[in-house]
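Labels for the chains are A, B, C and D, by order of writing; each one numbers its residues from 1.
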Amino acid sequence: MHKELKNQVCQANLELQKQKLVIYSFGNVSGIDRASGHVVIKPSGIPYDELTPDKLVVLDLNNNIIEGDLNPSSDTPTHLELYRKFPEIGGVCHTHSIYATIWAQAHKEIPAFGTTHADYFYGPVPVTDIPTAEEIAHNYEHNIGTVIIRRFKDLNPLQIPAVLVAGHGPFTWGKDASEAVEIAVILEQVARLALDTITLNPQQKAISQTLLDKHYLRKHGENAYYGQKQEK
Amino acid sequence: MHKELKNQVCQANLELQKQKLVIYSFGNVSGIDRASGHVVIKPSGIPYDELTPDKLVVLDLNNNIIEGDLNPSSDTPTHLELYRKFPEIGGVCHTHSIYATIWAQAHKEIPAFGTTHADYFYGPVPVTDIPTAEEIAHNYEHNIGTVIIRRFKDLNPLQIPAVLVAGHGPFTWGKDASEAVEIAVILEQVARLALDTITLNPQQKAISQTLLDKHYLRKHGENAYYGQKQEK
Amino acid sequence: MHKELKNQVCQANLELQKQKLVIYSFGNVSGIDRASGHVVIKPSGIPYDELTPDKLVVLDLNNNIIEGDLNPSSDTPTHLELYRKFPEIGGVCHTHSIYATIWAQAHKEIPAFGTTHADYFYGPVPVTDIPTAEEIAHNYEHNIGTVIIRRFKDLNPLQIPAVLVAGHGPFTWGKDASEAVEIAVILEQVARLALDTITLNPQQKAISQTLLDKHYLRKHGENAYYGQKQEK
Amino acid sequence: MHKELKNQVCQANLELQKQKLVIYSFGNVSGIDRASGHVVIKPSGIPYDELTPDKLVVLDLNNNIIEGDLNPSSDTPTHLELYRKFPEIGGVCHTHSIYATIWAQAHKEIPAFGTTHADYFYGPVPVTDIPTAEEIAHNYEHNIGTVIIRRFKDLNPLQIPAVLVAGHGPFTWGKDASEAVEIAVILEQVARLALDTITLNPQQKAISQTLLDKHYLRKHGENAYYGQKQEK
C-alpha cells in the first residue's frame, strides 16, 4: 500500500540525518497521497539508522491509523492539520535544526536579509505565537498546527513554505516530502546567515521589496527564468 | 570480571569521540554494577584510539582498585561520589564539550529556552559553585562531586541528568554508561541552541512551566506517550 | 570545442562543493579563452553531482550561446561584464558562502584585520551599492556587473580579487577558474576571521599599511619571496 | 640525513591538515636536532597533499641551508629565533587556525577561563606587540621572533607553550614537532571556548590561581598524577 510514497518519505527522512539537521530520533517527515487522503509518516522515537519504508505509518486525515505496527510520530496531528488547511502541499518536515531553532527560541521571525532568502521565501519566515495554556493542555500537537494556521491567515503557504513554532522549532513543507526537506536545508542556511548578519549589523534592514520580487519571481511563477525550462 | 559492563563502558567512551565531544584523551565515562558495587571506568590519559575493554579499571565505591593495570581516570573520585549519592543512576560521563563548557566557564545555568531542552531536562541545567580553596587543596576530585551534590540538594537527578561544574565542564548521568553519553550529546545541542538564543535576544525568558511540563512529561514518567510503548 | 577549458571549469565548479562553499545548485564558476573571447560557464540549476564538462555552456562576450543544450547560469551576464571590464582576469566565481555572504548582507566591507587577509587582498574587500530599482528592473544580472565595476573605479582588480555584492554574496576572480575558486575559499576564511575579530573587539582597527604592504608584497609582484621561484 | 626527524616533522605537518588547522599551504612545523643544531622545516608554499619527508629543508641555526632543493618556509627565521632563545624546546608550529587567529587579530591575550586552559597553559596565552615599522622593514620574519621573545621576558616558555602574534596568528612549541602540533590543537580549542565564554558573560574573570595551580600541576612537574606514570 502506497509503496512508492513510503519509499519517498523514508528517503526524505534519511536525508534529514545526511544533511545533519537531526540527531538521534529528532525530526520527522511525512508525505500525502491526495487521492486517497492517506498520509505516510515516520514512527515515533525510531533512530534513523533503523528506519525502513515498511516501518512507516499510514494514517487518514482524521488521525486513524490505516496501516503500520508502530506508533506514528507524536507530531502527527500537526502534520495532519497542515495537510487539511494547506490543500496544495504534499509533504511536511519538522526538525530542531540548530539555526532555525535558535530563531524559534528567540521568538523572532527571520527577516529577508539577502537574495539567498528571497530565492526561496517571499518575505520573512514567520514565527507563531506560543500556544495558550489551554491549547497546551488539550490536543497539544493538533494545536501546534492551529497556531501555525492562525499565523498564516494572511500568508500564502506556497510562497512562504516554512514557519518557526515559538519556543520549539521549524516546520517546512513543499509539493512532496523531498521538497519539504530541501526547504528545511535552505531554511537552516538562511537562518544561519541571518543570525550573524544581525550580530554584525544590529540595525540591518531587510532587502527592498523590489529586490525581493526580482529574486523570488525569477525562480517562481510564470515568468521564472532560473534553471532549465521544464515541459509543462 | 564484569565483561559485559566493560564492553558497554568501552563502547560508551568510544562514542564520545565519534560524537566529537572530546579530543585526544579528554573526557571519561563509567558504569556501575549495583549488585557488586563495582565501577568500571576509563584509564587516565589513554587516547581513544587505543582504548579496549581490557584496559578499563574496576574499582569499588571506596576508591579501591579491584582490577586493572592502569591508573583510573583522575576524575574517578567524582564519579564515585555521584554513584554513592545518586543511587538510581548507572552511568556517568564527563567531557569538556565546547558549548556545555562555555556555559560552565561563564558560570551560568542553561535556561530551558525551548522544547528540545524540555524533552530531556525538567528545568534549567544547573551550574555548581566553584569549590573552595580548601576543597581544591584536599581531595579535589572528590570535592567536585561534593559541589555537585550540594547543588542538587533540592533537585531530582533523574529529572535533571546533567550539571555544569563552574570553570570546568559538564557531568551527565543516566541509567547506564550509554545513556549518560546520550545525555552529554543532547546537552551539547541544548547548550549550543541556548547560547545563540540569548545572543539573538538577550531578554529571552525560559519557556513557561506549562510547556516545560508538557514536553518533559510526554517523554518521561507514567503518562509518557512519545516513542513506542515498551513492555513493562 | 574548448575541451581543456571545459574540464578545468567543470573541475573548478566541483571544487566549490568539495570545499563546502555551496549546497544544492548554488554558485557558479566560469573561465574564458581570451583568444576566441569564449566563456565557459555552469548551466543554470544543475546539481553538482550531475555536472560533467559536456553540460557546460559556451558563450561569446555578447551573451550569444555558441555551444550547449542547457541554459547558462542566470548569473552569466555578471560574469561577462567582469570579463569585459577586467581584461586581465581568466576566471570568475560566485557563491553564497556563509561568512562572505554575512558581510554582504550586513552591507559592510571586510577590513584587513590580519596578515591572512593581507596575504591575498591588498586592502579591504569592498562591498557594492545595492543596484537601483531601475537597475533591478532591467538587465538585473548585467547590472550586478555594473555595480561591481562602479565600485572598482579606483581599485585594481588584480590586487583585490573579490567583491561583496550588497544584500547578495561574493564574486571572486583570478587568472583562471581554479584560482577564482581558491580566492573564494580564502575569502570565506578571511570573512570568518573578521566576523569574530570584530565581535571580540568592536573597536578593532585594520592592520597598518606597513604590515599590509609587507605581507601582500612578499607574495605578489616582482619582489615576492614566498613559495618556490617559478621559471619566468 | 636526519631521516627520523624528517619523518616526524613531515608527519607533524600533515597532522595540521588532518586536524583542520590549515587550508592550502598555510602553516608550518619544524623540529630540531639539538646535537647538530640542525632544524628540519616545511618548504614554502607546498600543499600538504604533496608533502613528503624528502621535500623538507634542513638548516642550521644561522639560517644556512644544509640540505634541500626547495626554499624553506618564509617563516623559518621566526622558528630559528625561537630555537635559539628557548633552548629547552624541540619543535615549533605556526598556523592561522581560526579561533587562535581571532584572538591574535583582536590583539587580546586569552584568559584562563577554565580548567581546559589550565591543563595546558599556566596562565593566559599572551599576545605580542605589533612589530615596529623598522622591524617590519628589515628582517621581518626574524623580528616576529624578536617580538615573541620580548613578550616572554618574564614568562616560562615551557609553562606557556604558545603565543599570539598580534594581527597575525599563533605559534606553539613543545619537546618535539608532534607536541608543538598537539599544543596548537589544544590552543584552538581553548581559544574557541574563551571567545564564546566572554560573549556569554563579558564580565567573566579568569579562574583563581588556586584552581589554575591545581589543574596545571596535576598534569605537569614533579607532583603530577594525571595519566600513567612513565619510567624516568
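Going forward, contacts are C-beta pairs under 8 Å (C-beta built on N, C-alpha and C of every residue); 3 or more make two chains touch, one makes a residue touch a chain.
Note that the coordinates shown come from a computational prediction; the quantities given were computed from them, not determined experimentally.
Chains making contact with subunit C as well as with subunit D: none in this assembly.
As for how the two copies subunit A and subunit C face one another, under half of their interface residue numbers coincide. Distance between Cα centroids is largest for the pairing of subunit D with A. Between subunit A and subunit D the centroid-to-centroid distance comes to 47 Å (mean Cα coordinates, whole Å). Taking the mean of the C-alpha atoms as each chain's centre, subunit A and subunit B sit 33 Å apart. Shared interface positions of subunit C, i.e. residues touching 2 or more other chains, are given as 199. Every pair of chains meeting the contact definition is listed here: A-B, A-C, B-D, C-D.
Taken together, the subunit C residues at the contact with subunit A in this complex read 23-26, 43-46, 70-71, 74, 96, 98-99, 101-108, 130-131, 133, 136-137, 140, 167-169, 195, 198-199. Every residue of subunit A that touches subunit C in the complex is listed here, in rising order: 113-116, 182, 185-186, 189, 192-194, 196-197, 199-201, 204, 207-208, 210-211, 214, 218, 225-229.
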